[in-house]
Amino acid sequence: MEATNKHNWRTKLHEIIYEADTPSGKLFDVFLLILIILSIILVMLESVNSIDEKYHNTLYIGEWIITILFSIEYILRLISVKKPLRYVFSFFGIIDFLSTIPMYLAFFFAGGAQALITLRALRLLRVFRILKLARYLGASNQLKDSIIASRIKILVFLFAVMVSSVVFGTIMYLVEGEANGFTNIPKSVYWCIVTLTTVGFGDIAPQTPLGQFITTIIMVLGYGIIAVPTGIVSAEYAKASNKTHNKSKEVTDKDNPELKIVPLNTQSCSSCLAEKHIDGAEFCYKCGEVLHHE
Amino acid sequence: MEATNKHNWRTKLHEIIYEADTPSGKLFDVFLLILIILSIILVMLESVNSIDEKYHNTLYIGEWIITILFSIEYILRLISVKKPLRYVFSFFGIIDFLSTIPMYLAFFFAGGAQALITLRALRLLRVFRILKLARYLGASNQLKDSIIASRIKILVFLFAVMVSSVVFGTIMYLVEGEANGFTNIPKSVYWCIVTLTTVGFGDIAPQTPLGQFITTIIMVLGYGIIAVPTGIVSAEYAKASNKTHNKSKEVTDKDNPELKIVPLNTQSCSSCLAEKHIDGAEFCYKCGEVLHHE
Amino acid sequence: MEATNKHNWRTKLHEIIYEADTPSGKLFDVFLLILIILSIILVMLESVNSIDEKYHNTLYIGEWIITILFSIEYILRLISVKKPLRYVFSFFGIIDFLSTIPMYLAFFFAGGAQALITLRALRLLRVFRILKLARYLGASNQLKDSIIASRIKILVFLFAVMVSSVVFGTIMYLVEGEANGFTNIPKSVYWCIVTLTTVGFGDIAPQTPLGQFITTIIMVLGYGIIAVPTGIVSAEYAKASNKTHNKSKEVTDKDNPELKIVPLNTQSCSSCLAEKHIDGAEFCYKCGEVLHHE
Amino acid sequence: MEATNKHNWRTKLHEIIYEADTPSGKLFDVFLLILIILSIILVMLESVNSIDEKYHNTLYIGEWIITILFSIEYILRLISVKKPLRYVFSFFGIIDFLSTIPMYLAFFFAGGAQALITLRALRLLRVFRILKLARYLGASNQLKDSIIASRIKILVFLFAVMVSSVVFGTIMYLVEGEANGFTNIPKSVYWCIVTLTTVGFGDIAPQTPLGQFITTIIMVLGYGIIAVPTGIVSAEYAKASNKTHNKSKEVTDKDNPELKIVPLNTQSCSSCLAEKHIDGAEFCYKCGEVLHHE
């Protein structure tokens, strides 16, 4: 019974499209990645007027080829899952849909579905899932740990930056006024963040001596506080780095060693799309559905 | 005797307005926080000409609603404290007063009390007190510790930045001169800080080859010295982080364990407004006044 | 047999030109370094119109002197190696050739070989090889180790920066549009990187309130994420620093002590040009060729 | 014999002017510090045209008062030292002289000694010596240690920045050309450093797509390498911080404890002007001259 299920085409399709542990699954992901990058390059080229004028037809054909390939991918994703609606309303499901339809919309209704096409850029986020498989996993996890560990501290810090931007922005609006480009408080606060973060576009710049003096304080403050998140992440990262080191040592003589050694694979449940299954798992840890292995 | 005092309305009001350990106290703080943010958004919208022209009346009514709510808060704060003058002349007392009166001033005397309204931005600082309650306490304290620990070093560093800005600013004034935007030494020093902190507005930029060469030195210097405060805070933060870790371990078997474990609450003395009382404190540590608990 | 080989002129020439352990080898390197820097200064001066007009002849003569000296160096390098083709097609071989020929090309064919002359700047890279000899070795190796150790993490990080630049760049193109300087998506992505890295040229700057709001998010993001590579390198460098410290201690009582203590010299095999030979090596570790010592 | 020397006026004057361990010595230093700051503010105000026009006479008189006070200080410094020439040709001796004479020059020869007046800014450097006395000593020494420890590494790093600036600057000159503001290679290299250090003035900005692409690489490189000096200083500072901590512990049970505990004072030899004498020193460690204590 188990065996018959295991090798039907739908299970296989699910494995190829949603997972990346099998050679064909990896191949599909790499092909998809190239397709996404190509589609983004296409959108970029279209937005350049001089190129669009010259190669409009070529780009138009390329656009249709990618749209059709995306459509096929979308349909395959739909039929390979047991509960298609779950995919349709998932984050990537919505992005996949919205980045596939613009050409159809433009064909049937004519006119500006251009905006939707740019949604394809969000498809790039899928890259992280695809690349996660490889050895990058360890590196990015350690990074993620240190960022999560310092999350609250960084939030408190960003909050302090925001409050001081509002305070200084309001002061600068009063000091410089509309004549010098600080036309209203929101713009003044925006300028203040531009200065605090040391970006300094220069489209707005203080003209009065008092304004320049306050700007000096803002800049030195910004220069000084850049040290804070850096210091936090440094320390947390060093800590996370040590912990990882210790963990891998302890694992052999402590409790629950399997839990820590067993690496996660890229399987995704064909019913609820849950991920992060450990190797050797037979059932989905979330909905109890049978997990299929080749 | 104690019991009759404990439950009179003034004590309760004090608890609600100045403290945040009781549900009603928390509710009041959250409501106040929302009111402050709303009032700041209102001030921001008023400063945008296009919005002010369209919705002038709506904004005017909103301004009066907030002014009346702030007035009520101010009066409540006054009557719930035993020594109201202490509140009136405290930092937040002055800010509360100044951010409440502009509408009355505008009503009676007409004309530009606009400037005072922007003082409301300073009310945002109250946010820190309100948010301090939650779990952020631990995080921000550790941050504060590491900043305090590296305070002197950062001051020495900022001093060095200032001195080199004056020296380089003067040199650039001589090299570039008024023709290239370096109209006087203070402006030249201001430009130097803009460059050292890597903000680089670009409203003033060196034009002569020699000036550009000196600018190169300033920039590389600024790029190099950004490492110093970062390094200091990193090291101090790591130290503070270790200390916290050790402290929590030692606490159980060392002297004065209560002092270290007992968390501070948000009570504030109804007589002298002193804060940072430990849980279970019966008297104000500063003026001896009885502290009331619900 | 060994002795006769050792002291023939070709071996000596190889030692002088390719290595830097003998006094004459060091002298040659220092002389070459000065020549490279002089040639780069010459190219720089030529590019300045006002100087070129005034001293055209002097610069032209200087250019020929350097070209001839470079030609001699190139020929010497050719004849002192056993397999000259290996040098010709090595990285520095190609750079040496390309930075030597432009004057000859200009002489025979007239017209713009100017572009090739600027290739000399790449010759500066040789500086690293020359300075590596001295005590800088230890310092830069430790640096290299920490950069290599954090390579993958920094790549993941840079990848995240790139993806978010594409996403935010596309959004800004839609929000701001061509009227405000965001003429196409590639330019918009370029602007996004300018902002994320806190460079902020200001040639393009958001004009709409929504665009400025998104810019705020980009800047705060950029300000926040600058902490990540810094934190990584800090931690890795500290680790590398500790390791070096421990290694030098362990070396005396652990296995393979010679391997770790013996410093590399600057010898290069006269047959295959392989470098990184340990002191006392008699044969090339790569092709088995005899290594000659003075 | 010792006693008669000890209390003569010249010794006392030396103690007051050159040292800062006695109350009168401290007072002199504080007074001098205020005078230097006042003189710099005066120079700054003079450079502002609108202020100079209004208060020209007041500023002129103030200038003379400061000049006379500086003259007195200079003469006192001369007569209180045994070998005046050593002071005259020391760094501060030259600065003191040059910042004192401009008013005399202007009086006798008329015309622009303005430039020399600005040399007073360099007098600010004396501030470090004066402030060193106080508790800042510990802090700044630790800072100095970590900067010295990472000196070579930072030099190697700065060198890499310089070489890549020359390489990228030359490339940008070829790609963008004179039409887009990259008028010559030195200017192009200057622009490259402006970009690498994330200053980004924006007076010159790439206009061609290829130039913008290369700029992206430069910026990401600059963003990435800012991590390197920060990481180095962080690690070195943490090391220096640990060492200090360990040192103060070890001092009590190790050899040479006095050498490490005994703090330096601010005495300076009246003969050779050497500084950094330890407390209780009777003779100058450099020239053997008797050191005088009150």
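Per-chain residue numbering starts at 1, and chain names A, B, C and D are given in the order in which the chains are listed.
Note that in this section a residue touches a chain if its C-beta (ideal position, glycine included) is under 8 Å from a C-beta of that chain, and two chains touch if they have at least 3 such contacts.
Bear in mind the structure is a predicted one, so any value in this text is a computation, not a measurement.
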| item | value |
| --- | --- |
| Those chains which touch chain D and also touch chain B | A, C |
| From the options A-D, B-C or C-D, the pair that copies B-D, where over half of the contact pairs coincide | C-D |
| Of all other chains, the one whose Cα centre sits farthest from chain A | D |
| Numbering shared by both copies at the chain B-chain A contact, with half separating same from different | different |
| Selected pair, greater C-beta contact count between A-C and B-C | A-C |
| Mean-CA-position distance for chain C and chain B (Å) | 47 |
| Where chain A and chain C are represented by their mean Cα positions, the distance between them in whole Å | 33 |
| Junction residues of chain B - those touching two or more other chains | 186, 198-202, 226, 230-232, 234-235, 238 |
| Chain A residues within the chain D interface of the complex | 198-202, 230, 234 |
| Footprint of chain D on chain B - complex, ascending | 152-153, 155-157, 159-160, 163, 166-167, 169-171, 173-174, 183-186, 189, 195, 198-202, 205, 209, 212-213, 215-216, 219-220, 222-224, 226-228, 230-232, 234-235, 238-239 |
| In the complex with chain A, residue positions of chain B that touch it | 40, 43-44, 47-49, 115, 118, 121-122, 124-125, 127-128, 131, 135-136, 139-140, 142-143, 146-147, 154, 158, 161, 186-187, 190, 193-194, 196-203, 226, 229-230, 232-238, 241 |
